[in-house]
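What follows is a pair of complexes built around chain A, which joins chain B in one and chain C in the other.
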Partner chain A sequence: MSRSGAIRAACVALLLALVLRPHWFAPVFAPFAPAGGPVIYERASILSLSLSHLGLVALASGLATLVAVGLAILVTRPAGAAFLPLSRTITNIGQTFPPVAVLALAVPALGFGAGPTLVALFLYGLLPIFETAIAGLSTLPPATMEAARGIGLTRWQRLIRVELPLALPVILTGIRLSVVIAIGTATVGSTVAARTLGEVIIAGLLTSNTAFVLQGGVIVGLFAVLVYDALSLLETALTRRLGRQPAGADT
Partner chain B sequence: MAGLSPPGVLFAVLGLAAIFAPFMTLAANRIVAGEGRALWTLAAPQITGPGIALMLLGLALGLPAARPFLRIAGAALGLAGLVWLLVLGAASLLAEAGDYARVSPAAGFWCLLVVFALMMADALSALSPGPAARAGLLVLVLALIGALLWSGALSDLSIAQEFASRKDAFYSASLRHLGLAFGSLLAAAVIGLPLGVMSHRNAGLRRALLPVLSFLQTIPSLAMFGIMIPVLSWLSGVIPGARAIGIAGIGFAPAFLALTLYSLLPVVANVLAGLRTAPAATLEAARGMGMTWRQRLTRVELPLGLPVVLAGLRIVLVQNIGLAVIAGLIGGGGYGTFVFQGLNQTAGDLILLGALPTVALALISAIAMDILVEVTTPRTEREE
Partner chain C sequence: MIEIDEITKLYEGTAAVDHVSMTVETGTITVIVGTSGSGKTTLLRMINRLIEPSSGEVRINGESTAALPKHELRRRIGYVIQGDGLFPHYTIAGNIGAVPKLLGWSRDKTRARVDELLDLFSMEPAQFRDRYPAELSGGQQQRVGVARALASRPDLLLMDEPFGALDPIIRARAQADLRHIQRQLGSTIVLVTHDMEEAIHLGDRVAVMDGGKLLQHGTPAEIIAAPATDFVAQMVGGVDRPLRLLSLIPVSDVLEDGAAEGEPIAPDTSLRDALSLCLWRGVEALPVADGDRPLGRVTLATIRARAAELA
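Right, the complex of A and B next:
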């Protein structure tokens, strides 16, 4: 435990240094830069790119969570069960459409910038959250549900006080998956002028400067790993508090 | 409300709303922004009337809940009306416009297309067709689309004109895209299957391998493509003869390698998960029959785990078809070439020429692989 704690702290420190003090890493990346070329990306501050990157991911994943969990609640009620196949189809198609293609197709409608990236990340992130939310909401312990009905809770109260809290750890697994994919995929948004860390990587691709590619790639990778880790910790804590079985490795 | 299909009501409302959205765009030339034209302004009423009537009839047929076949027929009628309006509307719009004018489908068309396609999918899922029926349907739909494209009925559309002026480039981009997506799938399968089988038997290897593969996945796709360029140009300098077989820092090789590395985790992880699906009792029985581990692997574990392995390959294939677009950014060819050219020139039709085939390819592959997964699933599991 203490060892993984130490690794975690080291990763956080490394990421903070990369974001706040990129110049410290000039000697590390220098061997990968073209002779005489710039080593550290300077056209924009890494901090502002990181914030904008994470903001885009948070917004897209937040919207995807709202819609996916909302749909899952709808289709697990008797009144909305007819929408289950349709919801499945839509969330599946969302993940089958390649994000880069969605991005490009959204440009004529939404213009360059953050809009197309939001759409692409949103669509791509729906499926894991929807599927885990359905799994979470449809595998609640029958005894608990019976008890909730028995003490006279209305449907709405059962949903808010019993079903959603119990399903939360499972839903979080889907959110985690979706967010981590979004962190990596958001880099592609910079091909249509969204402000993300992908800007650094693309600058590297266009000028054959591997130092930029590595700088951007390492920061995005660290963000993905740490967010994954943080959400896993949250999930474990919630699961333990609720006394539910761990979600298992099959998700 | 009884007897009405709730999704059918939703489709009818959305479909009616979409009929009022601009159906096509007419632009003076390839680059300028066009003006949207509503359905009934495309052509004379005797042309638009039947099309609109077909679509309204289609939306109405989608309403009864108990009749999935009626809903399928409704979706088919709606799609027919849509194509009718697209083909005849384009011809009539062009006839009244200048020489360089371009017509393309607009928001209304795309929304109606989505509504009728979802209506079809929804009605089909109520029938839950078996794999053979789904495969037949997929072939039928592809044949219809192919016939429509082949007939030249759509050649008035702007995207068809982009295609006509780039026929050769399009075919070579298609070959390259398919080569990247399927080639890297094949490479990942050839490397990943034995790796998965070995790490199933060897816990030490598994503990060492999985973190490495997970690490590869955390590298953002853009950076992965970028990192492969110097790695390969270094390799091509160091290994004699490497350049002769096409290993170079730019073009096909770095994109191919990036996609392959990206695919290893889903393949290995699903092989591991698949091999674990064999019930302990079954394995015990196999052992009791005196099977060697190789026999257990090929006769019990692999056949039982095949659907899970194929599901991994499906993930990889769909993912690689999409990621191969990024190859266009590093000179690796494929449909990405058109996408990024189009983005640079803000030429929407060129973007479509790259993006639509990519989306179609991903959808077809996903459906085909799903059918394959189902065919290989043992019957008892399918009925659960």
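Right, the complex of A and C next:
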């Protein structure tokens, strides 16, 4: 096994252990716990928090992908080009508005729980996907596009059979960035009672228990790293198949 | 029959193609030849409406191309793009089978056709079928581009410098293959090149373009023997003209009775090649035979007389 393969396997094993057997790590975190206080978070199972955390991220990122890619498709058609500035403005606002502020504003409308977090993650995730989708869809090889028209594909067929598959590796880069940001940001959701791994961290902060903060932080960090890694592998595989240089392989 | 009628394409007031009219007969190869930027590609792409003409009309078998939805028009016309324009995310089989798939052919029929075409272009199907374009050489990609255009056996083929990236040996073979396929299927081909040699060799008709205008449209012999303008004369090459003319005449045209020493040549050998052989072998005459059947001979004197007659 290659070195990166070994590191990857070690990270997966560590993460599984942290999620499924948190008690194994009591000796590791004990030095950080207050004297006599709990070392390992026990108010909820780490597994169920992890699943709920990832579920929220998946749902929000999925919606963000649909909307961002849809918008990008629209504004890269000749008829939709006029909407490009407006779409940029919308996605930019989504990105610049701090998720915490979105949570605060969304709670009165949606109540406590998963709702406000979903909205915040969704808005925060739009921009990277939108921008990379535009880049991917507007830099397709001209000869290929010409051939697609030349053999008689309709607009719709060109989009589905040629443009989207060719732009996919680039779009995936945006999705990857967006998902990784969302995995970290979702922790904030627990301030408004969304069930995420942020619960562990916040509990640690409220009770001055550094062990909890570390436990939650390490798990979230590992999830982010591994998801990033998995999506990178997928991108590389797709890019190689298309015979394009993987991003960053040149220079 | 394709009738191109007073067709013009303006880009910001400048004509890329300027009032061009010509008729392409069914079952012939017409080669559009000209220097870079002369408007060849633009003219070709107005035939399948990849470019909309600014004015003028194209009719195929009497029917205006404007009468059909563009994608339907294009599915009936094979198109080989300058470069190759293969789909990088499709395998070679997927690329060649793209149009048959659009036309709803069965999987088996498409697959058989793909293999047949790969064979035709000397690419072992088992070896190439499942590769991606990035895994092919430039020349192989170009041949796949031509195969894709032939896949659905269209009556009309538009080819934009289809043999540009091929080395001379493969190119000669690809040209011969194209000729052969065209004769067999009776397809109508409009082919663009900047190589006059290729134009003369392949074309039933040659159309010479310069600055968006059609300077001359005629048989290769007419173009060489009576160039309409200085530019055309320059294109066909002053000193090489007699040789080019000889290359259009088969020895069967000047056959005489009698025998000669040496390996016999086929009756469809050109006078140019016969001349070359005479010089090479240092002989005054060559025997001509159709397989084992002797037909007569061709002499150096006859070839010389024929060349003088043409000049």
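Quick note on the criterion: the second predicted complex is superposed on the first by the 246 of 251 C-alpha atoms of A that agree within 3 Å, B and C clash if a C-alpha of one lies under 4 Å from a C-alpha of the other, contacts with A are read in each partner's own complex, and residues count from 1 in each chain.
The definition used in the following text is that a contact is a pair of C-beta atoms (placed from the backbone, for glycine too) under 8 Å apart; a residue touches a chain by one contact, two chains touch by 3 or more.
Every value quoted in this text rests on a predicted model; they were computed, and no experiment measured them.
Trainee: After lining both complexes up on chain A, report clash or fit for chain B versus chain C.
Mentor: Superposition check on chain A shows chain B and chain C fit without a clash.
Trainee: Put simply, what angle do chain B and chain C open at chain A, by C-alpha centres, to the nearest 10°?
Mentor: Taking the centre of chain A as apex, the angle works out to 110 degrees.
Trainee: Let me test your reading of the model: by the given contact rule, A:Val107 touches which partner, first (chain B), second (chain C), both or neither?
Mentor: The first partner, chain B, only.
Trainee: With both complexes overlaid on chain A, does A:Ile202 touch chain B (first), chain C (second), both or neither?
Mentor: first
Trainee: Regarding the shared-chain residue A:Ala147, is it in contact with chain B (first), chain C (second), both, or neither?
Mentor: Touch partner of A:Ala147: chain C, not chain B.
Trainee: Between chain B (first) and chain C (second), which does A:Ser50 come into contact with in this model arrangement: first, second, both, or neither?
Mentor: neither
Trainee: For A:Thr132, decide between first (touching chain B), second (touching chain C), both and neither.
Mentor: Neither chain B nor chain C is touched by A:Thr132.
Trainee: Taking the superposition on A as described, I'd like to know which of chain B and chain C A:Thr239 touches: first, second, both or neither.
Mentor: A:Thr239 sits against neither chain B nor chain C.
Trainee: Just chain B (first), just chain C (second), both, or neither: which does A:Thr65 touch?
Mentor: neither
Trainee: Counting touched residues of chain A, say whether chain B or chain C comes out ahead.
Mentor: B
Trainee: In the superposition described above, what is the shortest C-alpha distance between chain B and chain C in Å? Please give a whole number.
Mentor: So the smallest C-alpha gap separating chain B from chain C comes to 21 Å.
Trainee: Quick one: in the complex, what on chain A touches chain B?
Mentor: 32, 80, 82-83, 85-86, 88-90, 92-93, 95-101, 104-105, 107-109, 180, 183-185, 187-188, 190-192, 198, 201-202, 204-205, 208, 210, 213-214, 216-217, 220-221, 224-225, 250
Trainee: Considering the complex alone, what residue numbers of chain B touch chain A?
Mentor: Contacts found on chain B: 5-7, 10, 65, 107, 118, 121-122, 125-126, 218-227, 229-230, 273, 318, 321-323, 325-326, 329-330, 336, 339-340, 342-343, 346, 348, 351-352, 354-355, 358-359, 362-363, 366.
Trainee: Quick check: in the complex, which residue numbers of chain C touch chain A?
Mentor: Counting only chain C, the residues touching chain A are 48, 50, 70-76, 79, 81-89, 98-99, 102, 132-135, 145, 148.
Trainee: Which residues of chain A touch chain C in the complex?
Mentor: Per the touch definition, chain A meets chain C at residues 141, 143-144, 146-154, 157, 162, 165-166, 241-244.
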